[in-house]
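There are structures below to look over.
Common to both upcoming complexes is chain A, partnered first by chain B, then by chain C.
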Partner chain A sequence: MSTKIILSSDGIPLEQSLKKSERKNKIRALLLVAPLFLFILIIYVFPLGDMLFRSVDNRMITEMLPNTFSALEKWDAKELPSEEIYEAFYNDFYPLAKAKKSGKLFQRLNYEKSGFSSGLKKTNKLILDFKKENYKEQFMNTHEIWRSLDYWIAIKNTSPKWTYVKYLKGIDLTLDQQKKIVQVEDEKSIHVTLWLRTLKVAFWVTVSCFLLSYPIAYLLSTIPMKYSNLLMICVLLPFWTSLLVRTSSWMILLQQEGPINNLIVWLGLAADDNRPELMHNMIGTFITMSQILLPFMVLPLYSVMKTIPPSLMRAGKSLGGTPLISFVKIYFPLTIPGIGAGCLLVFILAIGYYITPALVGGASGSLISNMIAYHMKSSLDWAFAAALGTMLLVAVLTIYWIYHKLVGIDNIKLG
Partner chain B sequence: MKKISKLLLALSFVLSITSSAFAVTVVSFGGAYTESQKLGYGDPAAKKLGIPIDWVDYTGGLSEIKAQIEAKAITWDIIDLYSMDTIIGCDEGLFHEFDFDKDFYPAPDGTPASKDFFTDMPSKCAVGNILYSWIYAYNTKNVKGTPKTIEDFFNTKKFPGKRGVYKDALGNLEIALAGDGMKPGKGGKEIYEALKTPEGLERALNKFKTLCTDPKGGCVFWNAGAQAPEFLVSGEVVMSTGWNGRFFKAAIVEGAPIGQIWDGQILDYEYFALVKGGPNYENGDAMKALKEMTSPEGLAGSAKYIAYAPWRKSSIKIMEAGEPWFNDGKTKMVPQMPTAPANTKSYILMDAQFWADNNTELQEKWEAMKAGL
Partner chain C sequence: MALPKYTPLHYRIWHYSYLTICGLVFLFLVAPLFVILPLSFNAEPFLHFSDKMLALDPEAFSLRWYKEMIFGTKNPWGLAAKNSFIIAIFATIGSTILGTLAAIGLSSRYMPYKAAFMALLISPMIVPLIISGTAIFFFMAKVGLAATHTGIVLSHIILGTPFVVITVTATLSGFDHSVTKAAASLGSNPVNTFMKITLPLIMPGVISGALFAFVTSFDEVVVVLFLAGLENTTIPIQMWVGLREQISPTILAVATCLIILSTLILVTAELLRRRSERLRGIKRN
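So, the complex of A and B:
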């Protein structure tokens, strides 16, 4: 016995007609989301991906010097290359020099080894008059870089099209002649120090934000509305103020002849000619970042505490718990989702902080993000900046993952 | 919140581009310096040509223009640059290569432009603008006695107190050796030779390490030009390196208690470069504006407002004839110039190619030294 198909008024089966109208709704919903989706794709995902891609992209050199690299494959890097390799380099470089397209190579190779810029520039001028024989001799007469083994090794070491060398550099490692991973010289190793310092600052800023915020949030959630509104504004006002303004105000407060130092001297805690240094060091970075990131901790804590009924604490006390025990056993566990959200927010923001350490950090208070900024803005080694950026991103994701494993990401609450 | 503000920023950026597409955009370092350029030759050139000129601030470096070119959204026409950056930018093909004598005005006596400038340009894409200098200055109220030489900057026994130091290696390594007893003489070539050796470099880095870790000394690092005199006036430091024009402004114009020391100064150049494919590149307006701005009268004009020396010899003559040249009507400007004979008894000439070659490596070592303070 077949079931009777239910028809709608226009004779189409109801199921189909329902699907049709649902599809319409789905398309409408998609269309509504589409602008946002495209917006994120175009201004966020693509540029970010492109930037991260640079950190492994080594194609420029290999594409500009194809003959050289195929000739270098057999070279053992123990003594200066043979005539054929110099000839291969001539065949690559001459057309570039003639077409004035070699400029990008100068800078790119100079990142690998200092001295390429002037050496190649001189070669660029003189190569146009080279005779078509004895290439090795002519190159060696042009500039000292061609008489040095190190420069050839530097060229050879750029050979794979895709590279992880920049990532090694980010943790103070490098490749030697035999392509083995080794430590860079002590006088150049700085990144590990900066990574550890960044993590340390982020950790202590998170801890101090937590210690400062918890009582504030508790107060906010328990006092009568008319006071709590005022207090809320006190929390939000700095939150709405520009980051730069707040950092500069701290610079005024913390400087040697500034109000805080004056107060310390007036209270007799320090001599006038021996004022404590509160800025241009780690202390400055720490104080300023803690204050700036405070709202990110207060707000999630407050919104969670607001939902905890006060009757729970009363119940705890009436069942015989001291205030401390009822707090530890009842109240505190209920606020953990807020603590999680606040700590994660503050930590992740702190780990990538840039302007504040740049302004109040001085030498001992600058962080890995300042290094990224330096390579983006001054040295123009964008590949390395991208590698450091990727490492930072991975670090953040790792922390997120660890948090998820320990506490569970569903256990986060922003209100 | 952040997304919205970013969107608004992007929107206002787009609007500002479209609204000023006809104006030539000149990018420079801001503050008193841009002010002097605008009043000295920007406004006169704009008036003469009938082409509006917009001034935009930046903090140096090629990253922004490189990003603009890569994104094919160039909004800058002319950039004020350090010598090192003109070399790098020219190599990378970001800038227009000049035909110097044809593109720029000759001196009033007919000398072609290439002969009227003090020295040759570091690259074909550069046209000289000012000569400025890295000197050090001290707060006359906080320092007992009078520092005289570059050695005194490092002498914390005689002059205790913190020092203001530029954040990067550039310029610092040179004065470290000069302050360690290597007399620069005229140009300081041997200082650069020494810095190419590992021993010389170590000596320079150690000089700063000693100064910055000295309990009687210590370093505060500055990164914007205006910070150096600010630190001096606020008492944050007792001495600071910095650009002479900034110290001049604080001392002469604002009357701050600042003394300048010219011994061991680093003479450096500032250049203009023309962006290839900028909004006014094809129609020639940018080139026209640049030609006017770098005329003998134009360059002399900027020295009315700041103590940086014009690049052209003929501009100095114009200034000498018009003394007192400063816009307050009483300060003679020729003796305030970094190039004045009294100020160039012992100086280092900035070696741009040295820095273009070695900046990456030296900066790494400098940062490592700083991180260990």
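So, the complex of A and C:
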């Protein structure tokens, strides 16, 4: 090798010195990102992981009833359990009842099968006076749940430490006595409907946002600056205004005596005493979400259209294309990146919407987020809320990943 | 947008109907906000326009609900406003500092796995609030920060940083790195260079990011709904409660104030954006 090694001014080979400085720069960049990265890791990513964990964690109940579960292992679930199993249950439940620590168990088993709560409460009181023999008979005399095979099967089904049963429940499935996956009864199967409705609303909101924003984004990108700046404020003002303010204005507009209904009556489209319901149903959710999410479609479309030179359309026309053909063949394909970005953004935001459907949606216009909130705040079945949340999270992250691949995260633009 | 005289009739019709459609869409965007303003001055406790109001009778208008908002007995708005501002200000400071530093790191040529880091740092903006709220609630309850201002501020920092990262990265994309090299070659240390050269140049981006973070925190209701106790109530929470039970015109008075606030913020952000474009020498059109 006859190549001479180039040295920097202090005598170190240049290549080495360059590498060193690059490494230094790399470390500096990483150190700048580190505080936010760690912060998000601890307060955001870790809790999301914890939520996932919570949705499959079943150890609370297995720790409360260890003897029962080991006794139930051999039970074939064909007829009522034997005396030993009742005794095992007595051994687990008696200390809990005595220490008044059985409350969580009622709640937990009641999610599994309703009726447990009242049965266990009664048992909780009477178990303190049980004689230390003939457990089966004593239990069976306490409450009807101990005379029923179904309740014992429900207990047995909670035996694994880790369970995916909440996920099954999220799509209206459950485990039967032989641990086979089956459909739940019709009156209880509401979740699939809700998932489909959420997807449907998100889809139609995206479509309507696209149809509404394409013309105005085109207008904004072609008219002179002084007009477009003014009109841009019309897009940005709702964007900056509080979500609750916008929702409350729709609640006023859409109410029975509201301006929109007045207009409909005045135009003669409906009788005064037969005003259409515009709120507390899907129509309300759909209209309100379309307006609220519209700016998220206009902005990416506008920023793409802004870069398309108007001479292209003129060239198309001069080559003999009608305005329609030039639009379809030249302009529209160039705006596809903007359409993709806007549609994915609106769809992602729409699929997880909570506030607006809760206020204007009523029962028939509520979405999956409302179900999560219900289980978090009212039914307190947190594990199920966590499971639904995880399912929604997976859906959103999938679309986010597609967005990342197609558009690139760094292309998100805000105003 | 006057059309030339030789424009054929069918094109003329098409053009004006197109403008009409655009006008209607703009109306759809903005009109809902303007319904609130007159109704908040309603003299009566109803939420629809009375005949007197439509006839512009001065008697039909009053400041009754604004008085109610400020002086009303047992009214929650004072405490809510105080909490909202405290939380939003601290959250903004936190998001702006963390977000700006991260954006500078992410814009560096030497940053490894840039896209992956960016995707992670932006994710709180994409993940539905209900999920963030659920997860953060479990966490805060575990570490004993539920129903505290600290807990809410920390979660709002998370929600606000993506906006700061996005706006500052966008500002830095047009940044001329030779100026910092010039400063370094003249003997300035990195901190000094940052404070005297980089920061003033990216300031518009930083401030508009901070405004986004402020609005995000000030307007945020889902996470607070999970985290807040009675003492931590905020304006959005009070509005949420009011809207769920029964809309009273007091809420419209509050909403009007919020619209004015957002208009001010919008104007500031717009001016900053233009200034930033001027500073970076970007010309539109």
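Everything that follows uses one rule, which is that the second predicted complex is superposed on the first by the 368 of 415 C-alpha atoms of A that agree within 3 Å, B and C clash if a C-alpha of one lies under 4 Å from a C-alpha of the other, contacts with A are read in each partner's own complex, and residues count from 1 in each chain.
Here, contacts are C-beta pairs under 8 Å (C-beta built on N, C-alpha and C of every residue); 3 or more make two chains touch, one makes a residue touch a chain.
Remember, predicted model here, so these are calculated numbers, not experimental data.
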Which of chain B and chain C A:Ile355 touches, first, second, both or neither: second
First, second, both or neither for A:Glu257, with chain B first and chain C second: both
Partner chain in contact with A:Ser114 - chain B first, chain C second, else both or neither: first
Touching partner for A:Ala363 - first (chain B), second (chain C), both, neither: first
Partner chain in contact with A:Leu380 - chain B first, chain C second, else both or neither: first
Touched partner set for A:Asp150, first chain B, second chain C, both or neither: neither
Which superposed partner A:Gly103 touches (first chain B, second chain C, both, neither): first
Chain B versus chain C as contact partner of A:Ser213, first or second or both or neither: second
Between chain B and chain C, more extensive residue contact with chain A: C
Touched partner set for A:Glu137, first chain B, second chain C, both or neither: neither
Overlapping contact positions on chain A, where the chain C interface meets the chain B interface: 43, 255, 257, 358, 376-377, 382
Chain B partner contacts - residues on chain A that touch it in the complex: 43, 100-101, 103-104, 106-107, 110-111, 114-118, 121, 187-190, 193-194, 197, 255-257, 277, 280, 358, 362-364, 366, 371, 374, 376-382
Partner chain A, residues of chain B touching it in the complex: 10, 59-63, 66, 87-88, 90-93, 168, 202, 212, 218-221, 223, 234-236, 353, 356-365, 367-373
Sites on chain A touched by chain C in the complex: 22, 25-26, 28-37, 39-40, 43-48, 50-51, 54, 212-213, 215-216, 219, 223, 225, 229, 231, 233-238, 240-253, 255, 257-259, 291, 294-295, 306, 323, 348, 351-355, 358-359, 369, 372-373, 376-377, 382, 385-386, 389, 392-393, 396-397, 400, 404, 408-410, 412-415
Of all residues in chain C, those that touch chain A in their complex: 1, 11, 18-19, 21-22, 25-26, 28-30, 32-33, 35-36, 39, 47-49, 98-99, 101-102, 104-106, 108-112, 115, 117-124, 126-132, 134-139, 142, 154-155, 157-158, 161, 163, 165-167, 169-170, 190, 208, 212, 215, 218-219, 221-222, 225-226, 236, 239-240, 243-244, 247, 251-252, 255, 258-259, 262-263, 265-266, 269-270, 273, 284-285
